[in-house]
Each structure stands twice: as C-alpha cells, then as structure tokens.
Amino acid sequence: MKRLFGLACFCLSVLVLLPVAAPVAAKTITVGIVDCYSGPPSTYTNDVRDAFKLEIDRINAGGGVLGHKIEFVTRDSKFKVDIGLSAAKELIYRKNVDIMMGTINSALALAISDLCRKEKVPFLVTFAKSAKITGAKGHDYVFSITENTALAGKAAAVGLAKKPYLKYWIAGDDYEYGHAIADAVWNNLRKLKPQVTLLGQSWWKVGEPDFTPYITAILSAKPDAVIVATGGRDCVPFLKAAKATGFNKRVPFYMHTATELSTLKPLGLNAPEGVIGTSNYFFYYPESPENQAFVKRFEAAYKRKPAVGAIYGLLAARFIAGAYRKAGKVKPQAFIKAMEAMTVDSPIGKVTMRACDHQAMLPMFMGTTKKVSGYNFLIADDIVTIAGKDVMPGCDEIARQRKK
Amino acid sequence: MKPENTGIKKTAAALGTVAGFMLLALILPRYYLYLLALILTTGLLATSLNLVLGFGGMYQFHHAVFYGTGAYCLALILTKTGLPAWLGYLAAPLAAALLGLIMGLLTVRLSALYFGMLQISLGSLVWAIVYRWYSFTGGDDGIHGIPVPDLIGTSRGAYLFVVLVTGACLAVMYRIVTSPFGMVFTGIRDNPERCRAVGINVTGHQLAGQVMAAFFAGVAGTLFVTVEGSVFPDMMFWTLSLEILIMCLLGGWFTFFGPLLGAAIIVVLRTVVGSYTEYWTLVLGVVLILLIFFLPEGVLGMIRRGGDNAAGK
Amino acid sequence: MLRVNELVKTFGGFKAVDGAHLHVAPGEVVAVIGPNGAGKTTLFHLITGQLVPDRGEILFKGKNIAGLPPHKVCRRGIARSYQVVNVFDRLTVLENVQIAVLARQSKTWNLFQTASRMCLEDTIRILQNVGLADKADRICANLSHGDRKVLEIAITLGSKPELIIMDEPTAGMSPEETAATLKLMQRLCRQMGLTLLFCEHDMEMVFSIADRIMVMQQGRTIIQDIPERVRADKRVREAYLGGADTCSA
Amino acid sequence: MHSGGITFAALMQQVLVGLSRTTILFIVSSGLSLVLGVLRIPNVAHGSLYMIGAFVTFSVANFYGQTGFGFIAALVLAPLVVAAVSLVLERGLLCRLYDREHLMLLLFTFAFTLIFADLVKMIWGSDYRSLNAPAWLQGSFDLAGLPFPRYSLFLLIMGPLVALGLWLLTNKTRIGKIARAAAVDREMVDAIGIDVSRVFAAVFVIGCYLAGLGGALVAPTQNITQGMDHTIIIEAFLIVIIGGLGNIWGALLGAAIFGLTDAIGILVWPQFAIVFPYMAVVIVLLIRPRGLLKAIW
C-alpha cells in the first residue's frame, strides 16, 4: 500500500505545484474567455478575441472603467465540451473572473451558461449560434451578442420570400446548427409565403470531405432554390464543390455564412458567384465613417481585414465597459441590471440588448456574392439590411419557450 | 509477512487513503476539489477499461461508449422522468452493462484488432444515434443543467460523493483482479488457447469481463454527471476512447493503479500546461514519447519494476 | 477409455484425417506415429476440441465428445500439452499451474476471494512432483527452455486429467532433456495411474515407453498394436518409406 | 421525404462519384494497410501525414501561383516531403521500438498525431486553406444530363494507376517480395541474411508516401484544415480491417464499400447516410470476422 499512498502524495504534490492564483490586483475587472483557438473554428474566434483586445486596450488607455482596468485571460477549449467546461471552472473558481465570455461551440456555450447560472457570473456568448442559449435555456446571467439560428433564419426567410422561388430543397450539416437554421428559415418562409413546397432534404456529417454526391442528388430533384444550412468549416468545401459542379449556375442557393469574409477569402476569385448569404457584418458595409475607422484600427493592429467575429468582440467590450459605467459599481447583479435594455454605438449602428431575453438586437445584411474589382476575393453585393427588431422572436414567444 | 496480515494492512491503507481524500474537502479550495473529482472520475473510467485491456488483453477500443451510456442514462432519468435520483444512479451502470453485454455478444468471438474495430463500428452507431436523436438526447447540444440531488450538487458534496464511489468501485475492482476470475483473466490475456485447454470457457470470461468493465464505466459516467451537470455526445466519441486507452498505457497497463495515475497525469497536464500555452497537446505528445522510450511499461509499471529489482538485490 | 471411430476431417478437399480409428484403455500408454503429414496433429486437435470433425465419433468413457469446445473436453477429463511451449509468460510458475487447478475445481467464476491463497496445496504438490517447487515464484518468461517444457506438463497435470494427450513432448529438446522428460513421464504415469496418448518422432522413446502403438498414414490408421508387432509389420515399413519419400520431395 | 424517383442516370452518377471518393480512401488506406500488414504498426499518425500532405500541396501550389504546373509540382513534391518526414521518424525513433507491444506502438504514433497537429498549427496557422485544381481539371462535363466534375474523373484514373503501381511493387520487385515474406514470418527473412530493418523502413516510407499522396489529391476538393487527420484515420482503419489486413486489393474493396455505401446512402436515405458505412463495417465483420479478403495475419 505504499503505492496507494504514493498516488495520494502525487496528487497532493500536483496540487501544490499548480500555479497558485495570483492575488488579483485591486482595481481590475477580469474577463475569462473560453473558446476554441485550435483547429478550423479559430478562423472565427481569433477575430473575436483580437477585436475585443483592441477595444479593451482603448478603454484602458482612456482610464479604464470606474477606475478599474479591464483584463482578460483566454483558454483553448479545442472544440471539446469537457475541456472547455473544466477551463471555465478554472477561470471561475481559481481566477475569480468577473465575467465569462465565449464560445463558438453551442454545446459548450450551453454548458458554461448553466455553470454561470449556478455561480452567478455573467456570461457573454460571442459566437455560438444555438437559439436555445437566450431562448429556451436562457436565464438572468447569460447574454448573447451574436445572431443565432432563429434570427438568421428569420432574416433569410424575409429575404427569400421576396424572390420568386417555390420549390425548395434543404441541405446542411447534420449538426444542431444546421438543423436549427434550416428549420428557422423554413418555418418562417412558410409563414411568409404559404405556397412554397419542400422537395426533400439532405444532411451530411460535419467535415464531409466531398459534396459532389449530395449536389448531384439535389440536382436530380430539380428544385427552384436550395437552402444550404451549413456553417463553419464546411462552407468553403461546399462552395468549392458548387463551383466545380456548376451548382450555383443551375440552381440559386442560400447559405447563411456564404458572404462572410472567412468563407470567401480562402476561395479567392474561384468562389461561386450569385450565392445568397446573410451576415451581421462586413468590413466594407455599412459604409459609415465609424466602420471605416474601426477597419483601419483593426488592420493597423493585425494586418488583416476584420471578419464578422470582430464585431462581436468589439460589442462585447463596449457592452461590458458600458454596463459597469452605467451600474456605477463592479457587482454582477448591478451589471445585469445595467445590461438590460442598454444601447451601445458600433460600426453597424446602435445595438440594443433586449431586456426580456438578453439577446442583442443586431441588424442582418443579406447580399449576393460577386466579383468586384479591387479585391482578390468575392464580396457581397446588393446588400439589403434587415433591422434587428424585424428578426427577433417576440418576448412572449421566448417566455413560452422558457416555461417548457 | 503472513497473507492475512497483508490483507488487513491493505484494507487499512485503503480506508486511510479514502479518509485522507475526504479530509481534503475541508482544506482545499473548491477548484482543486473539482480537479481532484475530475481526476478520480477519469481515473475510475481508465481503471474500468484496464480491467479488460490490461488484465484481459482485450483490445477494447471504444470504451467511452459505455461511459457515455451511463452518463446519458442518468441525465435522461433526472431530466425527463420524475423517478427518484437514486434509481437513476442504479439504472445508469446497469444500462451500460447491458450495452456491454449486447456489444460483447457480437464482438467477443473476434480477436485482437478485429475485435477492437468491430467495437468501434458498433460504438459509432450508438454515438450516431445519440448525436442525431435531437428530441430525446438533445443531439449534439447535449443536456445541460441536470438537476443533481442537492446533497451532492455542491462542489464539496460532489467531491465527497466521487471519492466514496470511486473508492468503493476501486475496492471492488481490486477484489476482482485478485480473485480467481482475475487470475484466469490474466491467463486469457497471455494465452487464450492454453486457457481453453485447461478447461476455461474463454469467451464466457471475456464476455463477463466486458460487462463488468462497462458497468464501472457507467458508474464513472454517473460521476461525471454529478461533477459537471452536463452530458454531450463527445463523451461517446471514439477520440475519447483513444484518450482513455492512452491513460492506461501511460500509467502502466499491467498494474492496477497505473490507469488512475495515467488519468491524473493527462488531466493535470491538460489543465496546468493548458493555462500556459495553447500548444499543450504538443507538450503531451513529447511527454508521451519520452515515456515510451524511458518508461516502457508505463509510469507505475516502471516504479514497480524498480521496486522489484531493488528487493531482488 | 477413449475410442475413436471412422473419424474424418477435410480441409478444402484435402482429407487430413480419413477414417482413423483408435482405442485407448485405462492406464495405458499409447503412442501415435506416422510420417509427416499423416494427420497425427489433426487427430489430436479433433480429440481435444480445437477442430470439429466432419464425420465419425470420439467416445470418451462411453460418451461422444466429438465437436465439444476445448474447455468442455477438458472438463470431461482430457488434458493436453503442446508441441511448442505454450504457457502463460507473464505469470509466475505457481500461477501457471494454479490457473489450471482453479479451472479444474470450477472456481474461475469466483469474483471475491483472493486467488493467490486458493488451491495452494494442490498446486504446490504438482510443482513438487515435477520438481519445479523451488522456482514457484519465478516469472515464467525467465525460465530455461527445459523448465518451461516441464511447466507445460505441470499445467496439464493441474487439470487433474484421466487422459493426457501430448503432441511431441520432447520436440526441440537436447538428448539430456529428452531423457529427463522421458523419466518424468514414466514416473508420473506410474505414480498417478494416468492414461497417456502421445505422438512422437523419437522412435527410441516410443518403443521404450509405449504399451501400444498406433500407426497413421494419409489420415488412416494402419495398425494399432503392441510395439513388437508394429515393428514387424510390413505395412508400417512401407508407410515409413513412402513417408520418407513425400518428406524429401 | 425524398419522394422524387431515383433515375438510373442519377444512380449511375452517384456510383461514379462514390468511386472517385473511393480513390482517396483507397490510396490512404492502402498505405496504412501496408504498414499495418508488414510492420504490424497501427499507425494512427497516418492521418496526420495525410494532413501534412495536403498542407504541403497547398504551399507548393501557391508558391507557383496556383497554376497548372504548380499543382503538378505539388502532386509530385508533397508526397515526397511526407515520405522524408516519415523516413526521419522511422530511422530516428520508430525503428527502436519494433519489438514492443502493438499497443505501445499505438501510443507512440498517437503521440505523433498530437505533435504533428500542433506543428501544423504553428507552421500554417489555423485559417482555412483552399487550393484550386488547375484550369483543365476544373468544372464539370455532362454525363446523362447531370454534371460530373472533371476532378472526379481525374481521381477515377489515378486510383487504378496507384493500385497497379502498388501491385507491381509488391509482386514484381525484390523489396516487395521480401516485405510480403517478412509480413508472414519475420525471423525467417532475418535468418536468410536480409536486413529486415531496412526493408521495414522502406515499407514504412512507402506507406506514408501514400498518405501524403492521398492528402495531395484531396487538397483541391476540400478546405485544408486541422482536423482532416481525425476524419480520415478512423475510416482508413475500418477500411483496412474489412478489406483484410495487409491486403492491397482488400483495401481497394474496403474503400469501395465505404465510398459507395456513403454515396448511395445519401441517395436512398439522406437523413441516415452517416450510419451506412458503419453499418456496412458491422455487417462485414459479423459475416467475415477477418475481413473480406485474405489477411496477412
């Protein structure tokens, strides 16, 4: 039983060796960020973090908030829920962070959301798209400053209803995100335009290496238009396969993130034209001085154009700073009170945090991919703005979902 | 030393260790309690795998599926039914064991790699069902905010519960490993043909071993739910199975406590190195390579061997 | 005790055993000889359950055991040892035999007793009998070849068999080891009243210890009789000449 | 849901597409099979080498400005780079471990999947990378009214070429014959005075070359990212097992089963397409526990 004893000793010594929590310097507000910084999702998450840092640095340079400096620590979740959840616990239990932020993984966001509810730490969701976060599973401590599947779906439905298509096909990632966005588009579209019909659906696993089989199956059914509910890493290969098979020329299709910079930039000028997409942000739209100034700052700092994640990072920083200023003290309860119905300025205009569900009301831009001289990648054209309030589900609807 | 004597000493040491771990609940901050609970849960899982891997020589390549089954079973009982929680804690390992029996019946006649690969395929089917059955299992979002009973719902409560359950399970598994069944099991690992020739029902024992391993993996699953309050399909994905396998090999798969140590090493590396650099998998990889070259039988295997040599001289 | 009738086993058209028959009486030492490829090993595999015969019967104490799986055959009282050393390398000598003893006493399903304290008397008696008692705690992989071969026999004894089947017990042994093993086997048979069925290339050994000899060729039994008559039999000589031819071909 | 009739043309086309996907799977898993069959190493790092192959292809092709020549150069160079990496790995570390347990070798190669994953992240960053096939392989042509991508045709031609090459290598060359003999009985080959270690090195490098080639060929059809290694490796292992360990034709057959069940599954039951290949593996292993074709061991 020396061994058992040795094991216990080992465990103890490990605990001693663990970096002891540095005494938090007085007058700092610590933000803990758990997100996936490795693998494909980091294309999106790096922008959130970088824009957040940019904005925090500005705030700190201007004297901070209520005399406090804002600091942040990041942890890589590797897109795994268990790793992310332990990291979140580490940040809350050991680093005693004031606010949690993250993540791109919906399952992890839901898990951390639940943890934050128990620990009474405000949690700002910056990229996860599940509508459950502020919908059915919402609570006092969770805020979303990103669009979600319900909002994107409704925005897309509003846009698509104006087009002449009647026979649809739905295809997408066999993943909560894919199904949720497809359902949201389809249910809203059916309400707005009852005569549409659904010919069929196809679903592929996330990370599907070859889309040609799916595309040929869809083409053989001859729909008027296709709703492609794919996100993240599958966007690029799908667009590539669409180009290779001439899919975009045969059937028009909508793909939520098709117009985003992270999707279009790697494809260069070989991206398919005429694909309809929606997004919260483009570095070239809106063409406001505020946006141009932000893009300039971002480019100066990171030598690249900001993608959609950047707007979430920026909004997070402004909401955090604004809410503490408004509350006048650094206390979670006061922070939550201040966040509700608060409005901040941003490159995409004024954004309000809705009080009833803690969901930021973000405008949505619907555009079509097009080659434009001056860029070595495609950009969105014919941009239509769908205002935040038009895509939000009603507060009564949220209340009903939460009651379930 | 007389055998009776060692038996008593062992029991005393084990009880002492459990008591020591429980005392820690009074002094340690709760983050470390959480980390310890995680290590013990993962360690129990790895030990349950090693029951068949190290002691049975079976290439159990998809052990996580039983862990996930236990966790999901408890989570579903707690969230979807009004049944008492203890029933859930009882049913979950049984459900895992049942799955172990079903998969075992299909796979056990195959040998080595083929056994492992069929298990991966079957396990992936189970995973796919959990992953897609949104209305029932929550799909890839998983289930969060699982209402664990209040007594064990706090960090300290959960920690104490994990220590007690892990201690009890390890004790039972230790008995199994040192029992005639365990000895025969190691015999099967080394030489299944010879075992048949001396009158041992090899497939029967392997099947029983798998059911037991699945049962304890299910227990580990319920502990995970207690500690984290969440379940998600990652818990039964094959990459996790590979990780557990690595823990066993790392700690020493021919020893009883090796997997526990391996689990501790990996969890700690992940947490400690992870808070310094995002390249912690690189560090883990290098550590593994060093271990393979310098401690080929795993950490504990080496310690034990060193001890034997010293005793021999 | 053991009676084999009209046993047939084919492998993809090749008749490995083709109507062999064999008779072993209690307490007898019977050798099976024959040229390479005559079907001796296959015959043994059929008896011990490694293979399932296509046709024919294997009667052990009057009951047909053809087609039973190996562990059930063993339970009926037939134990075998192997041509190549076939032991549990990572276990100690004691544990090697202990497994067989535990299996014999149907204790392998016992989950909660401490194995290292069970059946010690029986196990140690066997080890003393074969002369391995002083090496009981050694890990098997570290033993000499000769000791491993003896251990092989000890494991077989652990099953407390009524009939032992041995496939070339002295294969790969030096002359001294062969002689020692020979003595050991004779002694064991006499002491324990075992029945022994074995096959062997070493004719000297066969003719010195076998009570009766069965000669196989191309899967068939040519003759089974006492050594003198086998030695005198014409067909046996032919078989061996023929066998030698196929061997060198 | 999918009520629209499946036309014969659509089915045939699906089969062809499935077969072109089979090509990649075959090339990768034949390499794995070779290593597994001859060296008995369950090389989990095989997927990482495939990923590295794809990334190197991207870099080389980009160096030449994504021209037709650049792609061809990449197709030649990338697998060689991967082979070089594997040679260093084998001579430097792996060759010292051949007498260890299979599972320790598994642990070793697993360690390298971790290391390679982070190295790739350090070198190429974590952005998506995308590579375009040269102009003459882009677009599609009509096949019975449905588009058939040219690149798929290219793959369909490459597959049999690689298979033929491998067959010649294993059956007609000295090293191939030695390797096959060594797979069956290592001591025997050692005993007749051949340096098995060198043969093993050669086989390992060839196997890894194939992983690199698979990565290079797949590069234009999907985005090149981290995580590519994960998806392919489990499929490759399953293919090798159902085909018959170490059997080149088995790898081809297994890959065809995998590619086709996937492609046709989509056509008949899109919602459950994900389940079809796993089902196929389960069925194959239940009926033929040692794979479809003769396994080496």
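Note that the chains are named A, B, C and D in the order they appear, and that numbering of residues resets to 1 at the start of each chain.
Definition applied: contacts are C-beta pairs under 8 Å (C-beta built on N, C-alpha and C of every residue); 3 or more make two chains touch, one makes a residue touch a chain.
Treat the numbers as computed from the prediction; the structure is a model and nothing was measured.
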Any chain that touches chain D and chain A
B
Using only Cα atoms to place each chain's centre, name the chain farthest from chain A.
C
Central chain (by mean CA position)
B
Return the distance between the CA-based centres of chain A and chain C, expressed in whole Å.
72
Rounded to the nearest Å, the gap between Cα centres of chain B and chain C is 41
CA centroids of chain C and chain D: separation to the nearest Å works out as 48
Roughly how far is chain A from chain B, centre to centre by C-alpha average, rounded to an integer in Å?
35
So chain D residues touching two or more other chains come to 117-118, 121, 230, 274
Where in chain B do residues touch at least two different other chains?
132, 281
Looking only at which chains touch which, which shape fits best: line, ring, star, complete or other?
other
Check the chains against each other and report every pair that touches.
A-B, A-D, B-C, B-D
Touching residues of chain A toward chain B in the complex: what are they?
1, 3-8, 10-11, 14-15, 17-19, 37-38, 75-76, 78, 80-83, 85-87, 89-90, 93-94, 106-107, 110-111, 113-115, 117-118, 130, 132, 137, 174-176, 179
Flag every residue of chain C that touches chain B in the complex, lowest number first.
48-49, 69-72, 74-75, 79-80, 82, 86-91, 95, 98-100, 102-104, 107-118, 155-156, 158-159
Parts of chain B lying in touch with chain A, wherever the complex brings them together:
9-10, 12-14, 17, 20-21, 28-32, 34-36, 38-39, 132, 134, 139-142, 144-145, 155, 228-230, 232, 234-235, 257, 260-261, 264, 268, 270-272, 274-275, 278, 280-281, 300, 303-304
Touching residues on chain A, where the partner in the complex is chain D
37-40, 42-43, 46, 174, 198-205, 207, 209-210, 212-217, 219-221, 233, 236-237, 240-241, 243-247, 250, 262, 266-268, 270
Note: in the complex, chain D contacts chain A through residues 1-4, 6-7, 9-10, 13-14, 17-18, 20-21, 24, 117-118, 121, 126-130, 132-133, 138-140, 146-147, 149-152, 218, 220-223, 225-227, 230-232, 262-263, 266-267, 270-271, 273-274
